[in-house]
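Each of the next two complexes has chain A plus one other chain: chain B in the first, chain C in the second.
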Partner chain A sequence: MSGLPIVGFVGLSAALLAVGIFGILTRRNFILLLIAIEIAMNAGILNFVYFAAYTGGTAGLTGQAIAVVLVGFAATEVAVGLAIVLALNRLRGSINVAEATELRR
Partner chain B sequence: MVSLADLFGYAFLVPLLMVLSFVIVGLAGTRLKRFEWGGWLAVGFAGAALVVGVLIAAAELMDPSRYTNVQFTWFHLPAAPGVFPNGFSLVAGTLVDPISALMLLVVTVVGFLVMLYSIGYMHHDHGLPRYYAELSLFLAAMSGLVIANNLFEFFLFWELVGVCSYFLIGFYYEKPSASSAAKEAFLVTRVGDVMFLLGIFIYFYYYATTGPSGGWAANGFVFVRGTTPFLAGAMGGQSTVLTVAGIMILGGAAGKSAQFPLHVWLPDAMEGPTTVSALIHAATMVAAGVYLLAVTSLFIGFTSTDQLAIVAVGGFTTFFAATMAVVHPDIKRVIAYSTISQLGYMVLAVGAGFAMVGLFHLFTHAFFKALLFLAAGSVIHAVGTQDLFKMGGLRKSMRVTAAAFAIGGLALAGIPPFAGFWSKDDVLSAVYSQLPSHPAYWPFFVLAVAAVFLTAYYIFRAWFLAFSGDKPRDPTLPHAHEGPWVMQVPLVVLSAFAVGAGLFIFWPNFQGLLLHGAGAAGIPPVYGPADLALSATSVFLGVAGIGLAWALWGHGKVFVLADSSPVQPLRRLLLNRYYFKVGFDWIGAKGVYTVARAADFVDRFVIDGTVHGFERMFAELSDRLRRIQTGVVSDYAAYVVAGLIAVFVLLLFVAPYLVAKFGGG
Partner chain C sequence: MILEELAFLALAVVALATALLALLVRELVHTILWIAVFFVDLSAIYFLLEAPFLGVLQLGVYAGAVTVLLLFGIMVTRKRIFSREATTGIGAVPLALALVTFIFVIASVGEFSAGATVHAYDPTYLSQNLFNVNGPWLLLLGLIMLGAVGGAIYLVREGRE
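Up next, the complex of A and B:
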């Protein structure tokens, strides 16, 4: 398993993270923002999976397990995020995050 | 067998009776309308105190060598190394000796007569229960002070005397001038009190281990009679400290006895009822200062520097106060200045080392000064004004008062055989006897002699203005008449004393009282040719003063100084009391106020400024920092990302660089 191309995989997850962060910083639509967060998070999960496979053996199983748990986290996070989207939409009639600044003070 | 001397152990009865009077009249006075609002009750208690006081004085006169000290120890701290190697006691007790017996006589006699006189004088006033209660407390405090047997008890009663004078001077507290005069009296004497207390502390500290029974502190600071004042001998090596302590005691006495430069409160104290003035000037308040000096000089001792200072203060005050009395138009204030002047004589005598001579003058002065005040009170009671220039011709309608005032005036002027002559002459010859060995006393002796002339002049100027002539100069004055018998009896009794009190000096027992009071030192001078010349001089000066007063003011004349007269500025200076009050006010208003303003500036701008500056800085900073909270989620995300990048940069580039540069593990 140690013959896997490191640079390719790490480069893939780094690219995914960059795309996610770019989305987080630029999107104003809450749903698109959530998608961007998912992308950035999946970059991290991909890293876990990849390095677990790279390490191999029983020690590598820990990484796989964490990846599975993180997928669960991502699902709950999306559930909470979408609930907020619904509440925000009901409250303001818009899901533009740049306008929802009441918690500033 | 029961003898009068057994009473010595019961001297505490005098203050106790007056305290009882204070409590009863003070609590129940408003229900005693039939007894002149408790006034007759107070007179009764004062009469009982008078009986005890006179009996004690009589017993002491029978056997003047007796010193009867009765005391109980309040608490005693056992010996401990350090300041009090012999332990430390606080005691309470009474000491009956020649000087306290003499003073007790003065206090009870004058106190009783003033109390009796008040019944008539104060009849139309309001707040009489308060008046009689405070007067009782005043007498209690003064008689307690007189028989106190140690320095702490003395100070306690001293303060009580001060607070009672405050109450009584401010009796007409609705009048702003009266309440401010009361405050002035209290605050000015307070300056002296603080000095007195400092003096006590110095004695306390330095004499803890010396003195009788192995340490004055262990002994409870009791006044112990010796052939010489014990501390002066015991602490020869500490003479600088002793000098400082003596000056402090002088300061306390100067405050209480209104000596220069703390004299300003006494003329203003005339705002109180005339009876209170009589009491303050004759027997209580101002006598306490002289008594303190006498007690200190007899039991503790002064250094020669102290003595010079006391002589200087006394001699200067004698003349200084007399000059101010010369021009004043207010009958009570003229007498007030004469009190300051006469107290100067007493202080002078004590300073010259003749404490008993000073007390002898205090003794005679108490009677003729009380007489003068009560006579003046009688006049004020009759005509309702204190302005001498409105009075005139009162001789016809107020014969008793006119005679009493004249007798008081003659005694004050020092005309033989009236009381003032003998004691004043004793003072002058006592100081004169010290001149060869102390040439520095000369100027003050000359001032004191010169004051004799002024004294005779100003008191008879007052007499001629008030009593001579045909009719009052102000026709609107009510028709004058004598007061009731309660006002006339004290005048007659005090007149008798003013005539005869000086002759006591020829009574061997009274001489014995003075001699034994003085111990070995300070014996009154014997009469010789030099004294005769001195007496002749002082009598001549007195007669000359009376003659000048008659020439200028006799037969109801009014001497008007021309506006262009060269002495006009001097007159204004005297009328304005040498601008002393103005000066003190200036010190208060400008000096203290400037300091206060500076302190206020520091407080407000430096201290508060620093605090507020910090506050404003953080407020400003936090306001700036607050603006980064936009509420926009993407911005927060940007901060997070920026922070992450910063951490990466730090870990990947900066940290290795630093490790390479400085090493480390």
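Up next, the complex of A and C:
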């Protein structure tokens, strides 16, 4: 299999990263924030996978291995993020990140 | 060849549209549904890139576990899970920053040659690489996950003020 344009993949990844950054900057709900972070992280993982596919050989295999590890990291991050959501909800009764200002005082 | 390009184009459009919909739709449960479609779509892209192991991992971990975890997060933090979210406005500065990021990444594409061959990998070699060559990193991932689970339990345990 050959010839999938590399510009298309990098473009898709860049666009997903832009969407993720936009979400991180504009959303105030903690769960939406986590989802935006996941979108940006998936853009990075997508990069690893297709550069692995284009490189080939041992280096490509290492790229795929890194992608596998990154998927694990992302799942861990969601678990810890949701624990923070639950703690925040118990503490304040809302999961709006703009209202969580305890550490500023 | 042309069929693969068409498939990629369709998958890319769906990925972008679902990512945007997930962030812009007003009901949180619909957000989770769109993000599930996004994860399934990405796994299809991995299959297109001849990375079947990662495709299956994406389906299991993201489309399965993360989606359900987020749904549970919504379920326990709201009285009515279909209640609407007050959207914050689409600010000019975040939009500009996102556009600058996009243009910056796209500008760096020129350094790569276009249209190389996509290499397929046997999952056997991937597992050898993962567990032999990069074994220490995998162990480190396990330790970090263990620490994260401990931290998550500490955060949500009862009777803590």
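A few points about this structure:
FYI, the second predicted complex is superposed on the first by the 102 of 105 C-alpha atoms of A that agree within 3 Å, B and C clash if a C-alpha of one lies under 4 Å from a C-alpha of the other, contacts with A are read in each partner's own complex, and residues count from 1 in each chain.
Convention: contacts are C-beta pairs under 8 Å (C-beta built on N, C-alpha and C of every residue); 3 or more make two chains touch, one makes a residue touch a chain.
For clarity, every value in this text was computed on a predicted model and none was experimentally measured.
After superposition onto chain A, the partners chain B and chain C occupy separate space and fit alongside each other. Applying the stated contact rule after C-alpha superposition, one finds that A:Leu103 touches chain B and leaves chain C untouched.
Residue contacts after overlaying the shared chain place A:Leu33 against chain B, while chain C stays out of touching range.
Once chain A of one complex is fitted onto chain A of the other, the partner contacts of A:Ala52 are limited to chain C, with no touch recorded for chain B.
Counting the residues of chain A touched by each of chain B and chain C gives the higher count for C. Using the contact criterion defined above for the overlaid structures, shared-chain residue A:Leu25 touches chain B and also reaches chain C.
When the shared chain is aligned, no partner comes close enough to touch A:Gly44: not chain B, not chain C.
Shortest separation of chain B and chain C in the overlay equals 7 Å (C-alpha atoms, whole Å).
Across the superposed pair, chain B and chain C both touch chain A at residues 21, 25-28. In the complex of the two chains, the chain B residues touching chain A come out as 629-634, 637-638, 641. In the complex of the two chains, the chain C residues touching chain A come out as 1, 4-5, 8-9, 12, 15-16, 19-20, 22-23, 28, 31-32, 35, 38-39, 42, 45-46, 48-51, 53-54, 57-58, 61-62, 65-66, 69-70, 72-74, 76-77, 85, 88-91, 93-95, 97-99, 101-102, 105-106, 108-109, 112-121, 125-126, 129-130, 133-134, 137-138, 141, 144-145, 148-149, 151-153, 155-156. Interface residues of chain A facing chain C in the complex, by the touch rule stated above, are 1-23, 25-29, 31-32, 34-36, 38-39, 42, 46, 49-50, 52-58, 60-62, 64-69, 71-80, 82-87, 89, 95. Considering their complex, residues 21, 24-28, 33, 97-98, 100-105 of chain A touch chain B.
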